[in-house]
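In the two complexes below, subunit A is the common chain; its partner is subunit B in one and subunit C in the other.
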Partner chain A sequence: MANKFLKKETIGKLIDALTSEGSIFVAPKMDARQVVYAPVSRMEEIVFDYIVPRNPFKEFLFPQTEPIAVFTIAKEAVDMKGVEVNAKETVIFGSRPCDAASVASLRSVFNWDLKDEFYNRREDKAVVMSVACTKADDACFCTTVNLAPDSPAGSDILLKETESGDYVVEVITDKGKKFAERFGNIFEDVSAKKAKPAADVKRIKGIDEKKIKEWLKDTKNYENPLWAELSRKCIGCGACTFACPTCHCFDIVDEGSAFEGERIKNWDACQFEFFTLHTSGHNPRDTQYKRWRNRFMCKFNFYPNKFKSYGCVGCGRCIRVCPVRLDITEVMATISVME
Partner chain B sequence: MPGKIRYNRGNGHDKRDGVSLEEIVMNNIYLPYLTTIEDIYEEAPDVRTFRLVFKDQNVRDSFAFKAGQFGLYSAFGAGESTFCIASSPTRKGYIQCTFRKGGRVTSALSDLGIGDTMGFRGPYGNWFPIDEWKGKNIVFIAGGIGLPPVRSVIWNCIDRRKDFGDITIVYGAKSVADLVYKNELAEWGKMSDVKLVQAVDPGGETPDWKGKVGFVPTVLEQAAPSPNNAVAVTCGPPIMIKFVLQALNKLGFSDEQVYTTLENKMKCGVGKCGRCNVGDVYICKEGPVYTAAAVKKMYNDF
Partner chain C sequence: MNDNMENTLRQKAKELLEKGDVKVVIGYGWNKKKSHTAPVFITKPEDVEKLVFNPLCVNNLSLYLTKKFPDIKALGKPAIVAKGCDIKTIAVLISESQIKREDIVIIGMTCNGVVYRQELWKGELKPEIMPTKCHNCDVRNPHIADIIVGEKVNFTPPAEPTGMVFDKIKELDKKSGAERWNFWLEHFSRCIKCYACRQICPLCYCERCIAEKNMPQWIETSSHPRGNLAWNLKRAMDLSGRCTFCGECERVCPVNIPLNLVNQKLALVVKDAFGHKAGYDEKVHPPMIVFNMEDTEDFIK
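Let's turn to the complex of A and B:
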């Protein structure tokens, strides 16, 4: 497919066209002195100079809190009705390639066997317009998990910045193609524009994902005292799970009065003690290292083996947000050299 | 619901291939069937059995499950809790669940009475491969509140008595009061083709207790069922299961002959919420029924 061209100054027009149709335009913007993915209504709100937004954009596909049913409790009529999701088209502009790659991971969990339409209806209406990274920070490690600052995986459209601040447009999926055609006046057919080189994210030396996967596969290594040592400083705050683009765990709770209310799906975290606690008092993951081990296993064993998708996309958010500086790449490096 | 059926309920398995999302109403995999509590049995202190019938006649007619499968039971306003279906699939027209009052949802369920409405989603998970056991002797071993899932299989086998060889039931609880299904234990005790061994933990006996006194694994070893042409089915507290497996090994049972059901905490029941996994095994989707051989291959995450 021939590349197209997007002039930075026309992004405002794109926002106007979409929002006037009732669509949501999500882009990096400042909020509480942080760059976050959030809906914008004007181009001036967009931050163009950023590395990775503070939050992953999963909240637009899988909201942090979402009613799934409503109930009424009356003397003669107790009932529960499902909530219908009427997802709006949501364009995620300025997604980073690491975040785009995480969409396939969420999709696989929400669709093995029974399909979660709360997720699917939103994902169907989402258009991921990534911007390849020309800068990275010390927490970025996408190349270590075999992604790249300009990787197309998961994007519908991949934009590459030029020196002038405009974008070379690579259309990746059919959804992206339809989108570019729909806005043919904005996505120009200009060829031979040169994009800036992608950020140089060095692979972290000494990390071998194949070796990690092999080591995790051996159930005997689950008992290795290394787990407790490596995760000793973890305080179980769960920040890594909320910041992680592939973490998908949730809770289902009823909220309301004695007469009516909602059944709600809320983000939850495997790092919390109550997450697996039985009513009897028995807890299969009763100490923090077991919960931390579960999360690491989820990223480098369950996701790749069970769902054939990325468990970790190397965005580095868990490293940036961790209050005790527990660096997942250090654990990856340690396990890489285990016999 | 009055008028048109707008929502697919219950087990989420509705077929809808080839239909675009815009044309159909949403298939909500988390929406339960509505049920009426038809009867309540007090089994033991804080342990109750509910007999549930589906409000929707179509569901009542078409609902089918297999012994070992589980569901999520709703007390509206409090939430959902996961238990096995404790009745046998051979008993049609209703399902039963047995639970101990403990947490938020089970406490709210305990407050419900006959005629009240609650929710049920399921059946989920795999089942005991009873059809593969034809002609075999079956040994059931359960402890305390671990009897309900085993009870579904026991009645299933008794209702198809000719298909199986000897049936032995070893059941124990902390005390005489804590034994569940007391009426049914009496019934099984009277059956000439069922061998019932009942036990209570030391100190849990009453003056007129006629059963054994001892822990289930020990009582099982004394009962010494033969492993020849046999399968064993066990459920109970994790610590009991551990020692029962050792006792069965001593008696000569191989790990392939022993079945158990792993009941972990669940919220979704359909492989998405992320908490029932034992290592890489999702109990809700790949279980809850496993052979001891399969359990031993799992990551130690119990």
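Let's turn to the complex of A and C:
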């Protein structure tokens, strides 16, 4: 599809047009000294100079806390009603290509056996407008997992910044095409502009995803003492999982009084001690290294064996946020050279 | 200074491991890129070269002495590399019978301060990148230790606590109850319930946290305003009179909740009410966990 052009100064008009129709415009903005993906109502709120926002934008497709049913309990009857998802159109402006690639990962898992309506209705109404990265930090590793700072995977529209701060627009999907046509007065047909080069994210030497997958697949490595050694410092918090754009596990809880309440779906983390605790009292992942092994296995073994999408998109959030700097790329490098 | 300190540290660690006095040395080491330090567990004398000590050594390693880490306990008797502030937490752990003094070897490091966050480090330790705790530190020379590494540090902390955390507390104290309530509601609204604050805290060592008790569900697990408020208030109350201001909870909070404010406010309240400051004497129990027949209140008698 032919390239278009988006002037930075017209983004305000796009926000106005969308929000006046009741749509949500999500963009990077400052909150508590951090850049986060959050709904904005004015262009002035948008931060244009950032590397990767603190949060992945999965919360707009798969909210951290979401009521899925309401119930009342009477003397001899329980009345339960499902909650209908009324998804609003959500435009995610300034998504990074790594985060955009994670949408397919979430889609795979939420449509694998059951079709999760809560997720699907939101994703159907989401338009991902990524901005290719021109800067990276030392936690970024998209190229190591075969993505790139300007990769189009998962974006409906990919924007590439020009020297003037405007954007060369690449329309990637039909959804993106319809969106650009709908706002034809904003997405101009000039395509002769040149974009700035993408960030130079070096592939980490010594990491071989194929070898990692092979080693992980071999069940005799499951009890290798290496796991306990590599994850000994892990404190078992959920920072990495909640910061991860592809982590998708959730828990269902009931909240309310003895007579009425809500059934709620909450993000959960495989790093938590009670994540796998059985009613019997047995816990198959009873120590932290088993929980940490599970997360790594999920990204680089279970996921790639089951789905075509990415288990890890290399955004680096888990490295940045880890209280003890447990660096997933260091583990990838170690396992890459295991026999 | 650091080269010398590191050499001495490695030498001492090597001796301890070679003699079999300890089975593991819990210390700091570089990550691969040498941009950050992280906890390391040295079990072989030949690996002591991995130990480092510098202003990036922010973690409070006393965490790893608690029962939260059965795998580390299983390694055998530990030696721990600890700054004065970390030793304060060790003192509370001893006073609360979580560890026995004789079961650990404390390698106390003299300290000129650390960075608030490792990302702030540009090769020089300037006052503006140091956390409030360092500006008020009265344990730059470790107060409880088996081995002290480093030259004596001459530093007199200000008579009254100063710095950003205490300035903000004063500012908050001036506000009305409603304003303070809104201040905290707003900050807690960002909470994502990752429990990094609890997991990094050496004094959060409950075998089953109340947040995980679900019959009944005392603390709602949802990260809605009610659940977030309940969680954060509960943790703050549990730490009153115990928190030693290591600042780890605030450092690791992925969403920048100013947890030092609430914890240090409570520490000031306990100091005013009971004259107690946590972490100076391992033989003194925190006031909230002791019962005296001489207590003036009679509601419990």
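In this text, the second predicted complex is superposed on the first by the 337 of 339 C-alpha atoms of A that agree within 3 Å, B and C clash if a C-alpha of one lies under 4 Å from a C-alpha of the other, contacts with A are read in each partner's own complex, and residues count from 1 in each chain.
Just so we're on the same page, a contact is a pair of C-beta atoms (placed from the backbone, for glycine too) under 8 Å apart; a residue touches a chain by one contact, two chains touch by 3 or more.
Source: prediction; values computed, not measured.
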Please work out whether A:V253 is in contact with subunit B alone, subunit C alone, both, or neither, and reply first, second, both or neither.
both
Applying the touch criterion given at the start, work out whether A:E330 contacts subunit B, subunit C, both or neither, answering first, second, both or neither.
second
Between subunit B (first) and subunit C (second), which does A:P149 come into contact with in this model arrangement: first, second, both, or neither?
neither
For A:L114, select first, second, both or neither according to whether it touches subunit B, subunit C, the two together, or no partner.
first
Considering only the touch criterion stated at the top, classify A:R263 as touching first (subunit B), second (subunit C), both, or neither.
first
For A:R285, decide between first (touching subunit B), second (touching subunit C), both and neither.
first
Could you look at A:D79 and tell me whether it touches subunit B, subunit C, both or neither (first, second, both, neither)?
first
A:G94 contacts which: subunit B (first), subunit C (second), both, neither?
neither
Residue contacts on subunit A - larger count, subunit B or subunit C:
B
Return first, second, both or neither, reflecting whether A:P304 touches subunit B, subunit C, both chains, or no partner chain.
neither
Residues of subunit A that lie at the interface with subunit B and also at the interface with subunit C
251, 253
Where on subunit B is subunit A touching in the complex?
1, 6-7, 9, 12-13, 21, 25-32, 34, 74, 76-81, 100, 102-103, 106, 116-117, 119, 237-238, 264-265, 267-268, 270-275, 277-280, 282, 285, 297-302
Please output the residues of subunit A touching subunit B within their complex, sorted ascending.
68-69, 71, 73, 78-85, 109-110, 112-118, 120-121, 124, 219, 222-223, 248-254, 256, 258, 261, 263, 265, 268, 270, 275-280, 282, 284-285, 290, 294, 297-298, 301-302, 305-306
So in the complex, the part of subunit C that touches subunit A is made up of which residues?
31-33, 35-41, 59, 63-64, 68-72, 118, 187, 190, 192-196, 198-200, 212, 214, 217, 220-224, 227, 248, 251-252, 254-257
In the complex of these two chains, what residues of subunit A are touching subunit C?
31-34, 54, 64-65, 138, 228, 232-233, 235-239, 241-243, 251, 253, 255, 264, 266-267, 269, 272-274, 287-289, 321, 323-327, 330, 333
